[in-house]
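The structure under discussion is supplied below as structure tokens; questions concerning it will follow.
First chain written, first letter: the chains are A, B and C, and each begins at residue 1.
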Amino acid sequence: MSGFEYASAPESKAIANIASSYGLFINGKFVDPKKGKSFNTINPATEELLSKIGYADKLDIDLAVKSARSAFTKVWSKMPAKERGKYLYRIARIMQERAREFAVVETLDNGKPIRESRDTDIPLAAAHFFYHAGWADKLEYAGVGNKPKPVGVVGQIIPWNFPLLMLAWKIAPALAAGNTVVLKPAETTPLTALLFAQVCQQAGLPEGVVNIVTGDGITGAALVNHPDINKVAFTGSTEVGKAIARSISATKKSATLELGGKAANLVFDDAAIDEAVEGIVNGIFFNQGHVCCAGSRLLLQENIADEVLEKLKKRMSLIRVGDPMDKNTDLGAINSKEQLNRIHEISSTGDAEGANRWSPECKLPSKGFWYPPTIFTGVSQSHRIAREEIFGPVLSVLTFRTPAEGIEKANNTMYGLSAGIWSDKGSKVLWAAKQLKAGVIWSNTFNKFDPASPFGGYKESGWGREGGRHGLAGYLTSDAKVSK
Amino acid sequence: MSRIDVNKTYKLFIGGAFPRSESGRVYEIKGANKKFIANPALASRKDLRDAVVAAKSAQAGWANATAFNRAQILYRIAEIMEGRSEQFVDEICALEGITTKAAKLQVEEAIDTWVWYSGWCDKLSSVTGSLNQVSGPFYNFTTPEPLGVVAIFAENKPSLLGVVRTLAPVLAGGNSAVLIASENFPLPAITLSEALVTSDVPGGVVNILTGKSAELAPWVGSHMEIDGVDVAGLSKKQEEELKLVGADNLKRIFRFNSENHPERILSFMEQKTVWHPIGI
Amino acid sequence: MIIDGSEASLKKFLSDLPPVDQVGAEARAAMLATRSIKTSSKAWAIDMAISMVDLTTLEGADTPGKVKALCAKAVRPDPTDLTVPSVGAICVYNDMVKIARNELDAIGGTDIPVAAVATAFPSGRASRAVKELDTKDAINAGANEIDMVIDRGAFLSGRLGEVFEEIRIIKELCGNKVHLKVILETGELVTYDNVRKASYLAMLAGADFIKTSTGKVAPAATVPVVLVMLEAVRDYFALSGTRIGVKPAGGIRTTKDAIKQLVLVNETAGPDWLNPSLFRIGASALLNDLLMQRMKLRTGHYASANYVTMD
């Protein structure tokens, strides 16, 4: 053997008992959709069928919302807060127990490397429930008034990029605050949500508190437009977020929206270079770049640009692309054919508009949806690849001369979700953090999440925050706002 | 012939282990029905000294664990206690002479108290810390930090709940504890230690002594390595004496009411304020 | 010329090096430690690790008997399996060098080098003259490699020129035939910035290898420390065209630990460094764990310490 080649190290699929079909989870039970329709979910790394999933239409949504309302009125809002919290603790603990199973199912359904589902997605999701469980009986300390009340029934729609984690970000605070929910997972990644429904059963969660309705965009619209929900919580594209905002404009519904981003990752000349290179790689290639807060624009201070790019390219050639179930895989499959096409479409404008594309040599599998880690240099602010969210492993590289110019370029976007700052100088880091118009700022790190840390964006990256004290506010009735 | 019980020996809990008193002394505990239950150890000042050494050496590790980790451990104590509920109920009934129903309520409240304080570990500085808007180009923030070693004199009754509601907030704040159980109702505290030792609580974070508070109070008051004291189980006079002697190292000494409150955590914490300039 | 020989130019070069972010470096090291090395790649790694072991005994109680037994182990780690490679080197105190060299030559280990620790190992607290004599003695006794310690006191108090000069002089004594490893004692340097600076200082002064520790101070060869040192040799190669070796020593006790080190090399300095002329592992107990893991791969069962020799 020439050199150290890592033999395949596959995680076993045996632990994942994926049923051949799933119904909708309404009122504590799995039920068939009223019209009996279903759709398939596949493994994007192999294109193999994983399961047939029930398709919820308007009638099913209606049933789910009714269950949630009934559970809210009769059970959940009457329950002493500390007992509500205990259900969330149970859920957290069971998720921890079944962590490996969840990780494998997540990887099979989503395409992300098993190392990421195992080490990031699942532990964070369980931690989210554990953290919020502790808020249930402490809401008077959340800074939203001294007798905060839940909003009622919440319709929640989540994306395919972090299926279980996004579910946790939605359900945990909603329930902790005393609400009941109807949640629609993404069309391509329903499985861990359905597994979660089983966990709710194991935890003895009262029927109707959590309802999971699988389906597509039409299902989601039916949920958003249902007259008996009090709030919409949505994570997804800015385009759909705006559509939701329009749909609810004439209603009393409140909404939190967690939308797209085009984050700038600023590397100053006094940065710890090797760690900055890691941060750049993590920022855009973690989760195949399917991250709303991805550092998709690299802004390099011009005097270190060459050095950083050289190190970056060397580092990128170490990225292992391939079977997501292999424990050594760094970059997994693109979640769907549709998303792959979108990545191709936008990144090809990079070539067309004159930027310079580079990818390390990668052997991509023949079946499944794949895109190699890619950087474009010679990018200017006006290029589509510098303005539009690609949502794939594609990094646009720009330069800046002075700190002020770096900030200006970073802020020159309709998005404002996140940003990265790389500098070893404390005051510069804090100065840059102050100037950047972004809801989450990572200094000398990137893509760090914690249930205690509020997450959300400025401008067209959305409304509201998730996590921490600030995230709870969205699930409690406001003292000040009026919704007539 | 009916089965003879294997009666439990009640020892001290120090550094994660169960030693007898170095003095070799014990004292008799009889139940509410005047029948003999056990001879728990009668702790000496040297046992107290050893407990403080254990508490001091364990405290830094406990404080440096993530808040999430501490929260998980406090919750685990609740899980383990839940499994042992009956044992606690029986012990409380025998000792306090109350009904099974009342004892059960006490045990449930004790378990729920652990859960309540567990939920505070990772929220305390979000709620009580602050970013302060000073005049000038400075980032200025205040965060609570653990105090160090806190001594607790547990109340007589309720014999289990009184221990838990003083101990939990001390731990939630990242401190280690030396708890002196009630002289007349000490046993649930030692049984609690059995739950602690199986809950991933690092050795030395909690230390429990049984004995005479009158004997130990002056030594607690004068010990320069003890940073804070909860005087729940002391008389007014004992409290005053302890405050007098405790002034030598400015111990933080408090008596609380029976409410669960984040203030009980904060009272045994410091507040640190940090400034940093903002500029290129 | 990277530096012009003056202390001022050395200090400027070292202070211009980019900083290391502790949290970031440790995160990178932790991620590399999750690599899962199985089956054929594990077998390859075990044999490579065995061939990189500097089998060490550095005890006050060392005797000729102990050293001879170690030599036998070095040449034939598993007497029942001759496919097991011999180790990278033997590492002993200066006064055991002659015994080791003679024994190795007598039992068929002529191509196993003897490394001697020198320059008042492990503390480095002695006069320049004593350190030079210590080194000369070892070389005269037949040492093929010298593992010297830097003066940490001088480094931490900013007398970088002194540290540099000492290494330069010892390398001069070694000449081209004796290869010099410079022990940084990273546990005493504490910060990764210091490790980076000391690594460059040693390389600029003539080190053939930079080594983490004496093995007498903890922490020793942690994954992030070795990461920083591998980054230094990688970047130094880009700067100078010369490849310098790295030797972690201390705290590497299990096969898992050794494999983590190889992964680090592979994904930091690169595959060119994956051979005993550029990477060694200072260890004693590790060898038996490597042999047990090798047995497990061969037989499919968990091995027992009864089946590997003590020495």
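Basically, a residue touches a chain if its C-beta (ideal position, glycine included) is under 8 Å from a C-beta of that chain, and two chains touch if they have at least 3 such contacts.
The model shown is predicted, which means the values in this text are computed figures rather than measured ones.
Central chain assignment: A. Criterion: smallest distance from chain C-alpha mean to the mean of all protein C-alpha atoms. Each chain's centre was taken as the mean of its CA atoms, and the one lying most distant from chain B is C. Chain B and chain C have Cα centroids separated by 48 Å.
Spacing of chain A relative to chain C, judged by their CA centroids, is 44 angstrom. Annotation: 41 Å between the Cα-based centres of chain A and chain B.
Residues 1-9, 115, 119, 270-276, 278-279, 318, 327-328, 424, 444-445 of chain A are the ones that touch chain C when the two sit in their complex.
Contact residues of chain A toward chain B in the complex are 82, 85-86, 89, 93, 127, 130-131, 133-138, 141-143, 403, 426-428, 430-431, 434, 451-452, 468-469.
Note for the complex: chain C touches chain A at residues 18-21, 23-25, 27-28, 34-42, 44-45, 48, 231, 262-263, 266-267, 271, 274. Of all residues in chain B, only 67-68, 71-72, 75, 79, 112, 115-116, 118-123, 126-127, 139, 262, 276-280 touch chain A in the complex they form.
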